[in-house]
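Below: a set of structures, written as structure tokens.
Two complexes come next, and they have one chain in common, chain A, joined by chain B in the first and chain C in the second.
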Partner chain A sequence: MVRFLSERIASAALTVVGASLVAFIILRAVPTNPARLIAGPFASDDVIAEVERALGLDKPIYAQYADYLVGFLSGDWGFSYSTGQPVYALIAERFPASAELALYAFLFAFVGAVLMTVLVSFTRSRWLDRFLRIFAFVNIGIPPFWVSLLFLMLFFEQLGWFPGPVGRGPAPGEAVTGYYTLDYLLAGDVGGFWAALRHLALPAFALALAPMGFLIRLLRANLLDVTHEPFVTVLHSKGVAPLSVHFRHILPNAFLPTLTAGGLILAQLLGGSVLVERIFVWPGVGTLVIDGILRQDYAVVQAFIMLSAFIYIGVNLLVDIAYGYVDPRVRRS
Partner chain B sequence: MKQALTIIARDAELFAGVAVFTLIAAMAAFGWLLWPVDPLQVDVLDSLAPPSLAHPMGTDDVGRDVLARFIRGAQVSMLVALAVTVLGTLIGGFLGLLAGLWGGLFDTLVSRIMDAILAFPPLIFAMAVAIGLGPGISSAVIGVVLASIPWYFRLLRSEVLRIRTLMYVDSARALGASSFRLIRRHILPQTTSTILIQASSVFSFSILTLAALGFVGLGVQPPVPEWGTMITEGLAFALTGQWWLGFFPGLGIFLLAVSANLIADRLRDIYDPKSAVGAG
Partner chain C sequence: MSEPLLEVTGLKTSFSTPRGEVRSVDDVSFTLGAGETLGVVGESGSGKSVTSLSIMRLVERGGGRIDAGTIRLRRGDGSRVDLQSLSDRRMRAIRGNDIAMVFQEPMTSLDPVWTVGDQIGEAVRLHQGLTRRQARARAIEMLRLVGIPDPVSRADDYPHQMSGGMRQRVMIAIALSCQPALLIADEPTTALDVTVQAQILELIKSLQDEIGMSVLFITHDLGVVAEIADRVAVMYAGQIVEEAPVREIFTRPAHPYTLGLQQSIPGSPASSAANGRLKTIGGAPPDPLSVPAGCRFAPRCPLVQPACREDEIALADVGESHRARCIRWREVRVR
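So, the complex of A and B:
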């Protein structure tokens, strides 16, 4: 187990180096003047000179890369030139909003996909199965920002069931965790909790559709695969009750890939709700990034790009380790 | 050709996918002949008109005809996604082929680079490239191509590793076939179906990603009509009743992406009935 762990961690570290190198090349080495890119076209010459000094552009390229990586790892992500604040503080301040949205979207996607797929596969109805497949397909092809728009037009403008694009709604009196639903629960304010949930519902659901389709396809294929394994036939012929075969033997064997994919989807959601946040005016990291793109204030955007790679690699590592822990075959190979 | 048509006619889902895809492709190619309206023609007096006979998809905030813009958007999306798919297939496939065949240092090196690219969520990676090279259509294309290369690379590499150990490849080598001949005659033909399936998935991915880049302002630049940017423009009018501005371009993206996905999925079933995702 120790060997497995150290191998995985070493490989993740190597990927961190590779990913940061790729980001460095794209964002620092390729642009003709990275300082101009970061400070934006409206920055004065003084600011550009300042940024050049901060980036160490006079140093040799390998030293610049080392500065870049060390700077990122130590939380020195530069300054946002449109707001004048350090990028780290800006992102940290908005992270809980994005994380809460991502978690709820993940919850919808994962629970919805597993429930639907397991139930449909248990009923063995060809008609329901076909419906589920088409549902998964449609979900994967929907552009999330378009479906957000449709949701708003239908559920807010036409029906008035959910709040419009006003972000997270009223903030709880005391911000303990930064997660509105949790803070309201801790304060014992059920009405506030309900309001926060209603603000979350549409964006979270819009984000959840594509991952849900993906998970349905994966779990469905794995369930079908396991159902056709010889050991299932043996269990049936021994007279084990169908319910027990299905939930105690087939499901656990088919579930691992879904769990793995679930982890990666969570990582993607944490860094990938950019487009949907914009539509719902969600005060998260995504809105910050799009504002950064529009104002050409790229320090924020660059930090976000590295950050999402780090989250992705980190979650990947955790999933790998969990997998090895659960399935001894992975550990040995 | 006749065989392909028979397969399509027998499979209802594949038929639906191919039909929708062909319809959009035909609209992109010939739509401007049937609807000869200039997508850039501004007519402020007739702005924000709802869908009618004169403007089947309505007009936008400066009175441009949405149907004409939709058709031009289809051309842009189709051409760009096609370019991305072809480039990604060629570059990623070629690298994967060589890595699988040569192994060694080349394989290790390229595999590491691919892992580094895969460490970014695909959309974020394409965004990074588009920013680094400066917003615009060519940087968007390069970004999406680079994001799609690792998938082809991994697929082709593992396919080649599998095929090269097969008996008939050994026999051909023993008979003195050159590397080039091995690839061209014995390995590449075995991978056509895999590449085809991957290419239709990548087509769908690039449609969605290009629209997303356009949506955040990093893709095709105005005034060229592109579906993603059209949705952004429609955003401001979505909640004041002018639903047609954002609805139709999104519908186009959706139909194109779903039909390409559907084709990929059915092909996978037909070529490889035992594959995990296609089972049943």
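So, the complex of A and C:
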């Protein structure tokens, strides 16, 4: 197990280096000179050279890469020239909002998909199965921004069950983690926790539907495959009860692809969703990045790319480790 | 003979397919005494596996249905039950406990995410209420019994760490862990190398002597039957066409199909009697969706006459504990 873990961690670290190289090269390959952009269109060549020196752009390319990597790891992600603030602070301020939304959306999608699919496949009801397939199909097809609007019209405007597009709601008095629900819980404020949850519900659910549909289809297909494996007949011939066959044998065998896909979905959700954040006026990183791209604010975009890469690799590392626990063949090979 | 352990009467099992209803097992009856081995021989699709799955009541999972018949089992306490009439829960208490099964495919018959020790212990814990620790001890004991070296550490192996022969030994260990009165072995050696086949047959025979169980041995291989069975039932197109003690089957077959099977084996008495030339049975088994009226073997039979094609032929006594489904059985000769 130790060897398995160290191998996975080493390969994750290598991937991080690769991702940072790609992010670095792409940004250097863009024709715009950031020094000229920062100094403004009327700056003289001397001023631009001065800015280049300040940014380290006059150094050889490998030194620039080293600077960039060391800077990133030490939290120096550069300055956003459009706001004049350090990028790290900008992202640190907005990331928890996106992450909290993403985690709740993921929880809905993953737990919902697994529960529904496992229960429906256990009942072996053709009617329920058909319903589930249609549900998944529709979920995958509907764009999240449209669902967001529908949800707002129905649950906010018509029924008034959930708050409207006002962002995360009132902030907790003391920001410990930046995650409102967690902060309220830490403060012992159940009312605040409930309010934060209600603000999260609609956008989280809107984001969850498509991944939920995808996970349902994946897990359903895999459960069906495993159900027809000869070892399942053997289990029945041993007199094992159907419930036990389903949950202790079929499910662990069918679960790996869902786990992988779940990891990818979580990583993707953590990167923020531009449209849904816009609709719900959610102060997340999605909005920040779109603005950064539109204003050619490279430091912001570059930091975001690196952060996304880190999240992807981190989540995948966790998935790999979870794999080892679920499937002995992965652990030993 | 004392009361039989298993008595199957008039078993009919069918499957729904897109092309229509298929009667895979049609009016199969046989008995199996305590400690006896009955070999069931037939080609693919003859209904031998469906017969065994019907006894275990596992055909529903594959989309099948038992239409008629009784399957009576004498249990350890002397009571007799009709497996057909049991509730699902009581049937589960019989599976793996009174009747255990070994399957054809050792490579895919074990759950890949559980250790073999856990999989052997599972049935024991279920049926005999052993604790986890006791079940593990039993699993190790069973692994030793089926001849797996170093059973203590092997119990923690996963199936993918074992060869096909070892996995089949594990399957046998699972099947015998609760000391069943009846072992159904559905082509347990078909997927194995010839040398391993012989070992597994030897193992089943010696364990049978040790535990005193009955064995229903399903195979397409007459050579295997000659080695292991006391009596043989030959199946063709869902029916038993001949049933006799194993010596009778080889010395005095009373059905042209049985004879044809023997003549197609190199080196068998029947084939060498035919000038050393191997005879084959012309044609193919009937389409299960449209079995011929009368004798189902008639289209391929060298002794066929018009009467064969008219009425269903009954399985009739042709000697002492020898039954055959042929009106010209007196003319079947090992030539």
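In this section, the second predicted complex is superposed on the first by the 299 of 333 C-alpha atoms of A that agree within 3 Å, B and C clash if a C-alpha of one lies under 4 Å from a C-alpha of the other, contacts with A are read in each partner's own complex, and residues count from 1 in each chain.
Methods note: a residue touches a chain if its C-beta (ideal position, glycine included) is under 8 Å from a C-beta of that chain, and two chains touch if they have at least 3 such contacts.
In this text the structure is predicted, and so the values were computed from the model without any measurement.
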Chain B versus chain C as contact partner of A:P328, first or second or both or neither: second
Partner chain in contact with A:L152 - chain B first, chain C second, else both or neither: first
First (chain B), second (chain C), both or neither touched by A:P252: second
Which of chain B and chain C A:L294 touches, first, second, both or neither: first
Touching partner for A:A196 - first (chain B), second (chain C), both, neither: neither
Touched partner set for A:T233, first chain B, second chain C, both or neither: second
When both partners are placed on the shared chain, which of chain B and chain C touches more of chain A: B
Footprint overlap on chain A, where chain B in one structure and chain C in the other make contact: none
Chain C partner contacts - residues on chain A that touch it in the complex: 229-231, 233-241, 249, 252-253, 326-329, 332
Of chain B, residues touching chain A in the complex: 112-113, 115-117, 119-121, 123-124, 127-129, 131-134, 204, 208, 211-212, 215-218, 228, 231, 234-235, 238-239, 241, 243, 246-247, 250, 253-254, 257-258, 261-262, 265, 276-280
Interface residues, chain C side, partner chain A - complex: 56, 58, 61, 92-97, 100-101, 103, 105, 108-115, 122-123, 126-127, 158, 160-161, 171, 174
Chain B partner contacts - residues on chain A that touch it in the complex: 14-16, 18-19, 21-23, 26-27, 30-31, 37, 129, 137-138, 140-143, 145-147, 149-150, 152-153, 156-157, 164-165, 217-218, 220-222, 224-225, 228, 267-268, 271-272, 274-275, 278-279, 290, 293-294, 298, 301-302, 304-305, 308-309, 312-313, 316
